[in-house]
Structure formats: C-alpha cells, structure tokens
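For reference, the structure is listed below as structure tokens.
Labels for the chains are A, B, C and D, by order of writing; each one numbers its residues from 1.
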Amino acid sequence: MVSFTCDYNEGAHPAILERLVATNFCQEPGYGADCFTQSAKALIRKATGCPQAEVFLLTGGTQTNSTVIATMLKDFQGVVAATTGHIAVHEAGAVEYTGHKVLTIPQHQGKIWASELKAYLETFYADGSYDHMVFPGLVYISFPTEYGTIYSKQELTEIQAVCKEYSLPLFVDGARLGYGLMSPECDVTLQELAGLCEVFTIGGTKVGALCGEAVVFPSGKAPEHFFTMVKQHGALLAKGRLTGVQFETLFTDGLYLMIAQKAIDLAMQMKAMFVAKGYELFLDSPTNQQFVILPPETAKALEGKVKYEVWEHLPDGRTVVRFATSWATTLEQIDELAALLP
Amino acid sequence: MVSFTCDYNEGAHPAILERLVATNFCQEPGYGADCFTQSAKALIRKATGCPQAEVFLLTGGTQTNSTVIATMLKDFQGVVAATTGHIAVHEAGAVEYTGHKVLTIPQHQGKIWASELKAYLETFYADGSYDHMVFPGLVYISFPTEYGTIYSKQELTEIQAVCKEYSLPLFVDGARLGYGLMSPECDVTLQELAGLCEVFTIGGTKVGALCGEAVVFPSGKAPEHFFTMVKQHGALLAKGRLTGVQFETLFTDGLYLMIAQKAIDLAMQMKAMFVAKGYELFLDSPTNQQFVILPPETAKALEGKVKYEVWEHLPDGRTVVRFATSWATTLEQIDELAALLP
Amino acid sequence: MVSFTCDYNEGAHPAILERLVATNFCQEPGYGADCFTQSAKALIRKATGCPQAEVFLLTGGTQTNSTVIATMLKDFQGVVAATTGHIAVHEAGAVEYTGHKVLTIPQHQGKIWASELKAYLETFYADGSYDHMVFPGLVYISFPTEYGTIYSKQELTEIQAVCKEYSLPLFVDGARLGYGLMSPECDVTLQELAGLCEVFTIGGTKVGALCGEAVVFPSGKAPEHFFTMVKQHGALLAKGRLTGVQFETLFTDGLYLMIAQKAIDLAMQMKAMFVAKGYELFLDSPTNQQFVILPPETAKALEGKVKYEVWEHLPDGRTVVRFATSWATTLEQIDELAALLP
Amino acid sequence: MVSFTCDYNEGAHPAILERLVATNFCQEPGYGADCFTQSAKALIRKATGCPQAEVFLLTGGTQTNSTVIATMLKDFQGVVAATTGHIAVHEAGAVEYTGHKVLTIPQHQGKIWASELKAYLETFYADGSYDHMVFPGLVYISFPTEYGTIYSKQELTEIQAVCKEYSLPLFVDGARLGYGLMSPECDVTLQELAGLCEVFTIGGTKVGALCGEAVVFPSGKAPEHFFTMVKQHGALLAKGRLTGVQFETLFTDGLYLMIAQKAIDLAMQMKAMFVAKGYELFLDSPTNQQFVILPPETAKALEGKVKYEVWEHLPDGRTVVRFATSWATTLEQIDELAALLP
C-alpha cells in the first residue's frame, strides 16, 4: 500500500544517513559545539545571505515554535496568528503553556492579509482599555501555510511594513520552507525571505531529515541567552551532532532545495492528474500538499490501497483529503495512484 | 587527541545506524504510531518484566525530566531531589519553567538517604504553616547519580518505603541507566528497579543512541493524556520512528546492556590503572564516570593529548576531573591514556 | 459631575464600613481563620442552600477567575468561553499566564448557546487529531454577561446538560451576580444557580463591597489544597477579616440582594427614560448595565456633566455607550441625567 | 485572651477607617486612576525623596513579591534570596509558579552577606557550564528580615556594590518596612534606602492598613507595561481607591512611621521585660518581632491567656516563640503579659 499521508512517512534522505555513518566515530563535544553544527550554521548563513545571522538547531516543530515565541515575547504580549495557524490549533497549547496568548486574526486559505493585520492593530490601540488586554508582540505566519499556500513577495513586504509600523517582529514558520521556495508560484528567494522577517525556521523533519529545525535570526539578534532558554525548553540535544550533520548535509551542494524541487515536481504532476481526471480541488495549492475533494466512490476505490489524510467531511458526503509528496515520493507512486483513481 | 569528556562524544552504536538505513524507506505513520515504536515498547515491556507498562519515547534528558515531573505534579506540589540532582542544577530551570519548585535535601556522593528524606517529610508536615509552603509531590533520584554512584537494592527499598508512607511517587532518572545496571556493585536488576518506583527513564542518548529517552510507567499509570502533554512540552517527534528504531535495536538481543557492560569493563580498568599509578580518586565510582584528582603536572602532561571534563578546582592546586567511557571507548584508548600519565 | 461609568465608582455600602469600624479591634487570626470569614462562609452556605459547599473569599475578579480556572484544569485542558467572555478579552491574558488556552465559541449578546457548545465539543472529538489539540476542560459563562444579559433557567439547564454529557464542570462568573438575580427577567434563584454549576462566584466589588469575590463550590468539591493554590496565586489576604467582614455583612439580612435590587430598579427607570426620549438601545439589557446608542449631539450635551463608558464607535458617527447603576446610584442622579438629555 | 501572634491581628489604624468613611461617596474612576491613589503616589514620592519614582499599589505581600520578581526577571533568570527568605519558603511556590527559580544562599539571622553573595556570583560565572544553569537576575532581601533583624547602611551599601558589579537589580521586600526604619538600631532612612536599591515595597498590611503594599521604583524604571502585568497577576483592584485612601492616609503627617514607632517602643519594652525576668532570647531582634525561648512551665502558664506564634521546638523541650507588636498593641497588654510570666 502506498501512502501520501504526509511528508514524514519515511526516514531521511539517503545522503543524510550516509553522512551520519561516515562521521559516526568522530569525537566531538556535545550541545552544539561539534564541528558539524558549526559547519551547518556557516552553510546556512551563506545560503541565506546573512553572514551575521545567528542560527540554532532544534529538534521538532512545535518545540521550535514555542521556544521562539516564548523567548521573543515579553510577559504582557501574545503572538498574532491566523485562526488556522499551526500554533493556534495543532500544538496542544504549547504556546499558552509558556504563558502567552495566541491572538488570532482571519485566515484566507491559511494566509493572513496585511490589511486585516493592520486593522486588528489599529483596533487594539484604539480601544481605551487596551492596557487590560494582551498586547500583540510578534506576528506569526507559516510559509507554506497549513493549506499549502504561499505568500508572494508583495504580500510579505506588506505584512512586514505593517509589522514595522507597530514595531512587531515577524516570525516565519518554515516547517516546510523548501516546498514553498521551490513552488512554481514562489517569487521570493531564501535570501529575500531572510530580509523580510526577524526570525524564521528552516524545517528539516518534513524536508528530508530525521528531525531538526534550524532557527535563523537573520540580523544576528537572537534573544539574550537563547542557548540557555533552548535548554530550559527541553530543546537542546546532548548529541547536537545529530542535527548538525543533517543540516550540514542538507545545505551542502543545494540538497535542501533539490529535495524540495523533486517533491514539488511530483506534486504538480499529481495535481494535473487529479484535474485531468475531473476531480475538484479544495484549493489550488502550489506546494507539496494537495487538497482534493473525493467523492465516496473514489474513497472506496482507494481503500486499502492508497493512504491519505482526511481533512474535512463535506455535508454533501464528499471528503476533503490531503495528498502530500516528499523527497521519497516516486513517479511510480503517482502512477500507481493514477491507475487506481476512478 | 582522544577524548573521555563524556559518554556522548560519538554518534550511535553501529547497529542502530544499520537499522536506520535498513528501515529508511518503510512508510510508517508519524508521532509514534509507527511499527518500530510499537515494537520498541513491546520489547521494553518485556525487558522490564512489566507487561502492563506504559512506555513513551522522548528525545532528550532535560526535556524528559521536565515533562515527567510537570505532568506528575499537581499545581501545589514540588519535586524532592538531592541538592546535586541534575534537575536542581544543570537543566536551566526547566522544572521551574513549568511552575514547580525543586525541593532539595542533602546529597551524599550524589545520593539521597531514606532517613533524611523521611526527616524532611516529617518536618514539613510538623510545620504548622505547611499549607503556605510547596508540598512535596514526587521524589526524584538519578541512577546512576551525577557522581556515578548507584543505590543498592536495600537503599531503593528504603526510599520507596518512605515514599509509600507519604503517598509520593518515586521517579528514577535513568539517563545512564545501563551503566548503573551493569556496574559490578549493582545488586538490582532492571525488572526489580521497575518494581521499586512509579516511573523511570531508560536513557538512550548516553548509552549508544543518537537521541532518545524511554519513559516507563511500570504499572501502566501514566498521567492522563500524557501523549498530548508530551506534544505540549515540544517533546513529540513527527518522525517517531527515529526513536522507535533506536530503542527497538537497543532492546533486541540485549544490546542495551551489552553496550553498558563494555563501557563499565573499560571504566573499571581505567580506575584500576589510575589507582595503580598512585592517583587519588575523588570518589570511588562503580560506573562509567570516573572522578580522579589530578595534580598540575598530570594536567600538563595530558594537555593537547587527552580530553576530560574539569569538575572542580581544589584549593591545593589539584583538579577533580571526570573521565567517562562509553559504548565507543576502546581498550586502545585506555592504554593511550595510561601511557601518557606520569 | 455625575458618573454612571461603572458600578465601582464609589466605596462600600455604609453597612460594610460600619461593621469594619465596629469589629476593628477584635483580635483574630489571619489568612481567613478569623470568625468573620467563618461566619460569612456559613451565611453563604445558607443563602445558596448548600450546607456542604466549600467557600473561599478572594480579592478581585481577574484574580478569582484565573485562580479558579487554573486549579480546575489539568495541564492538557483549556477553558471554553464566549469570544466576548471577560477572561478571553479583558484580563490581560491572566488565564494564559497560568498555562491554559481560552477556547472561544460564538457569543450572542454575551451569551453562549448550548447548541453551539455541543457542536464545538462534537467537532472537537470528531477530529482525528484531537490529541494534538487543547482539550476542553471547563466551561466558563458570566452571569450577567459582559453585555448585561442573563441566562434563563432553561438556558442554564441546557448548558449544564451538555457539560454533563462531556464531563465538563461549569463555572459561572458572578462578578455582578446580584444584578443578575434581581433582574426582572431572571427566573433562577441563587439556590437554583448553585445546583446548575460546579463552581460560581459571588461578586462583592461591584455589588457594594470595597473588594472581594466569594468562590463557591456548591457540592463541596474544591480542588485539592485550594487554599495553598490561592496563596500561590497571590490571592490570599493576611487580614482575611477584610473580606470576611464584608461578606458577613452582605449576607446578613439579605443586604446583598437588596443592594442589587435598588440598582436594578434605577437601571430600569433609566432604560425607560432613554426609550421614552427616543433613544435607541444597543441591546435590551435587563440588568444594571444599560447600553444606549448616543448621537453626537447628545454626547456633546453631556460633556463635562455626565460620565459614562464608551463601548464602541459606530460607522455612522454614533457611539454605543454604557450607563451603569450601583448600590450608590440615586434617583436624583437619574433625574439629573434625564434633564440633561436632549 | 490577649494575642501577640502577629502584626495583622486587628483591622486598620482608626485614621484609615475614618478616611474610608469620609471619602466613601466620592465618585472616582477605577483601577488606580482615582484621586486618592494619585495623591498617595505623590506623597510616597515625597517621603522617599524620589520625585521621579514610579509607584504602584498592590494588595498583598506574596502577590507583590511574585509580581515584582516575575516582571523584573528574564526567562533565563532566577532570583537570589536567603534560604529563609519569605519567597523561598512561605509563599507556596508563587515565584516558581511564574516560571522562575529561587536561588538560595546562606542566611545569618535572616540576612545575607555581601561577601557570600559575591562568592556565589563568582562561583556561578566560574563554572564552565553556567549556560546550562539558571542565571542570577535579581537579588531579594527583606527589611526587616523574617527574623526581625535589619541591615545596616554599611551592609546595604556592600550588597548594592556587589549587585552593581554584576548588573543585578536589588529588590527590598519591605512588608514590615516601617518597623525596620523605626528600630533603634536602624541607621538608614527611607530616602537612603530608596537610593540603595532598584525596587522596594512599603508594606501596608502589617503596618496599620487593611491590605496593600506599595511598590516603589525609585528611579522611575518600572518594567514596561507593569500596569498590565499587575492585572495579569490578578493584583489590580477595580476599586483602587481602597489602597489609594489607605496609603494616602499612612503618608499624611507621617502616620506610617508613627505607627511603626509605637509598635517598636512597646516591643523594646517587652524585650527588656523578658530579659529582666531571665528569659533567653532566641536572637536579639531590634524590631517588632521578638523571638524568645520559653521553658515548658511558661508555655503552660500562658496557655489560654496569651497567644503567640510557635517558631521551633528545641530538642531540650523548650520552644522558640514569636511575640509581635503592632499599631494596635497597648502598654496594658504588655503589662498583662508581664504579670502572667512566671
């Protein structure tokens, strides 16, 4: 049975495992002081075009989001996010557990609009009792979003402008960053993205690594003693080499973006295939997550043969489902799916 | 240059890497629902002799400690630990970050005494104003301790008896559990240990894994919705297979204890060698961490050739240092050290 | 200048001050062990018809809400509230500060609907990934609501039924409880309300006291060591007599409800007066908070002569404002307002 | 029966009650915007000789300590205190509840020594792994201490010097400040104290008020949006006039210090009386708390006639007890005690 359930169904890109094996007996210090982590950080600084960037390697997505958000906010602040933002819905209240509110604003296929962000902020400060309320202290967006959509350079620039007007740092959750950057619709480069926010993450787990998220502060302005707070959040690996080796590999010879490119190519083929067969898309995603509406007979036809993620049951009996590609997806798998679709 | 700095200087035991490579392309669900994690849990249940045990695989030590402690305590409770307990000193306040106090009692080469634990509890409840104080809600011990020492079965039984008298669960931090169990002085088995506490961990990171700590609730009484709280603490891996494969490997054919046995054998040889050469031990550790007092000339002789961890500077100019062995340590390395020692 | 800004513009009902003066030199123990607090608790048990109730006297509203909510929730749970609930908007994130999310559902003039609560809960448990989300653990409603509206007995019964179906305790924030109970539209008694929830508060601050909120657990099932957690939340007064004397006075000879009755009578007269003069009500509040839409010329006419609270600016230039009555409001003040209104 | 149990056995100084009655019907805005609070702040600024000071009026001691400490610390920091510091022992873990560790250093009759503070800080920064530990971020001392002792100007100056060397703000918990300042052994004035720390409190509850602690930032450098965080901590009174009127009264015509002076005079007479009768002092307290060692026969003689607080049971059968005086203590009560002592 083939699975398109998510982009973390397999292990790691083979190059990563090879490198883990090759470096296994090097004696290196712990907690990120190893040579692989140092090299990974240098490669990320180079790839992002930010020689002064501060880079930290953490383990998982929820962990990274709550660590970044908690350390960038002051006690009286919350983080602004789309109602569908991962931190607002599917992280088990990890942000609130650190004492901060997630302040939600409307979403449009997973994206926020600069105009609505501005309206929210204007309304907040126009309220005479705002000092009895949680102050907006950070803006969170995901790229791509939870619906596979991406922001254009223009949209990011507008959001950044609103953030600057209100002195709010912008945090881009790039758990699937590669898939966004390699999207045919993407008009922003990694270097440009780095210039459009105060902090962003480069997701490893969903783009070929076993685990690992790189946190990048492009201007080198990480919160004071961020290392200690990473430890406090339980996000510091004793064997930092595990993430070091992985990110070093991903950022050597452009592997990270190549992995993403392959997944995107297959996703686009998959989308074209669905459309050609007359399926309705739930939304037109330009990245590796494809949201399709399946009639009951298709669901039945795929049962026991193809796995996917159920997103939402529609009142008319059809189902919104997600098919995801990854570094490990093959053309054969897409063909297999095509052959099974009524 | 050879390093005895710690037991997490190298990568993973080769069997683990082999298994990661071998299983890499299996498509498995995320978040610990993969077959490797299920198998690892079953193997751990078997090895601990607890068919009803609930087992969870987390990533790192501090993370595991704070997640277990926070979820086992009620809001009005703190955790009792030795003043030298890892949670009390070297975890960046991770326990306090979750809202709970670490209540310290005296340590003796890293161990607490049942008698002093009892005295603390008696004094607490004898104090008329105890309801203005943090209630003891859990007892934390490490096995082996931060000083490499281990509790005897008798000592554990006595501590457990005091805990039961006060209805306090006992938590054994086994970040280096294997090295404790394989110590020549150890008179408790893994199965017996499981019967002497309410929750314990089986450390992977320091015993041959890339990362990973198994949390075992021997009686199957994990805190309600522990899974969700693991996520909330940022301790849930999307690719749960990473820890699943590792613990499955470690608990297949007794690898975990074999790894520990080898490190212990070399540590004992190292200790004998130091003693034979006339070095004073800071304490007589029966596990893989050896604490030796080095005179300045020895420190000088090893400079640039052998790495170790400095523990404490003595007023007389000598230094307490730690030499650790691990699964990766070789007899050649011990011989190399011996040859360099004046 | 007369003020209708809120119901905490004046000090305390004179009977309270008299009693504070009369008891001032009695030597009594601290922290709520004083005879006044004991007497107040007994009187509240009697008034609520709950001989087994556990009663605690805290100081302020936000403090009381966050203490009750934090101590009734488990770590993996959040509190369900209307989007306009006081805890969701105007308490500076006090609930999130304790680590818990406020899970909002739609509001209707400040009230939630049992049907929408049920729909939310059904949707939650129907979501396959609910264990990655914050579990609903408590339902919060205010009585009266932030818009002065009240729930009928039928509505409360329906909400309670949904709560019971999902084993969720119901918390009624009664910061203005008296004004709700004395409303001409109220069809529930204090005793009945006590039977319709697991915990509720009896607000003192806004109903004649200098400060103080009574927390009532009608069935006597307060969270374990609630006293200690009240202290931990900074909500325990050394001179517990301050709240003890006040609640003893308020619950002697029915003073609490008499105070509320008077404020309600004047509020109804005020509402009738506004309606008679052709003013549009923003909503038809049956309690002491009246929401009226003022045209600019009225705002101008009242400037410098009458104070009120601005609620919301309408696009058409008019303003939604709130006029509140209290124990201290007089008929003369209503007449003065009437005389000034164009 | 006469009670010397504590200094919060009675209500408020009569002048406070009179003023509460006199101002009761003034209509004033809530949350500290009332004229009484403004006046109280101005009077405190004047009394402390700090025209630029920021002053906030909170309700209780534990609440004030945890609010000040939590808002002055960064996430990676803890607060340094004596092992006997109130925050370390008798505040139910309120500081830890906000996520911060209390870092304890030795005490000497309740006081810390500048030399030991310095040694602690030197040791901390000399430890190679300090970034895995909780950073000292604030120093807390109480004046008078929990044992009634006070720091000399010289001692405070030395502590301040160490703090400045390590860029640590100093927080003086003045829950009983008046009794310290009026002690015959005190060589520091209120104005001088204000110059020796970054924040201090002026305790009202134990010095004649019903409740209330003034937080003073002498240089006007309160944490950003401190008001909002006071609300978040549940420490903001809707009727801010309650603390406003009280502190206005206490700081009019020197009432605060007069109240303290009277209690100190009687405490000194009491101490002289105990010494004259041959009783052993547990320690020679210069403030309103007197610690005396009672033999069993005395305890028996006072039973049912005089109340005091039991501090500690000595192995020899004697008991350390505390007798406290307050604004309400009378010479007749001291004489009554004297007459009863064997």
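Annotations
Basically, a residue touches a chain if its C-beta (ideal position, glycine included) is under 8 Å from a C-beta of that chain, and two chains touch if they have at least 3 such contacts.
Only a predicted model underlies this, so the values are computations on that prediction, with no experimental measurement involved.
Farthest from chain C, judged by the mean position of CA atoms in each chain, is B.
Comparing chain pairs B-C and C-D by the number of C-beta pairs in contact, the larger count belongs to C-D.
Taking the mean of the C-alpha atoms as each chain's centre, chain B and chain D sit 42 Å apart. One inter-chain figure worth recording: chain B and chain C are separated by 50 Å, centre to centre, where each centre is the mean of the chain's CA atoms. Averaging C-alpha coordinates per chain places the centre of chain C 33 Å away from that of chain D. Shared interface positions of chain B, defined as residues touching 2 or more other chains, are 75-76, 91-93, 97, 99, 131-133, 228-229, 231-232.
Here chain D touches chain C in the complex through residues 2-3, 5-6, 8-12, 14, 17, 20-21, 23-30, 59-64, 66-67, 91-94, 97, 205-206, 210-211, 228-229, 231-239, 241-242, 307, 328, going by the rule given at the top.
Within the complex, the chain A residues that touch chain D are 31, 70-71, 74-76, 99, 131-133, 135, 224-225, 227-229, 231-232.
Residues 75-76, 78, 89-93, 96-102, 128-129, 131-134, 310 of chain D are the ones touching chain B in the complex.
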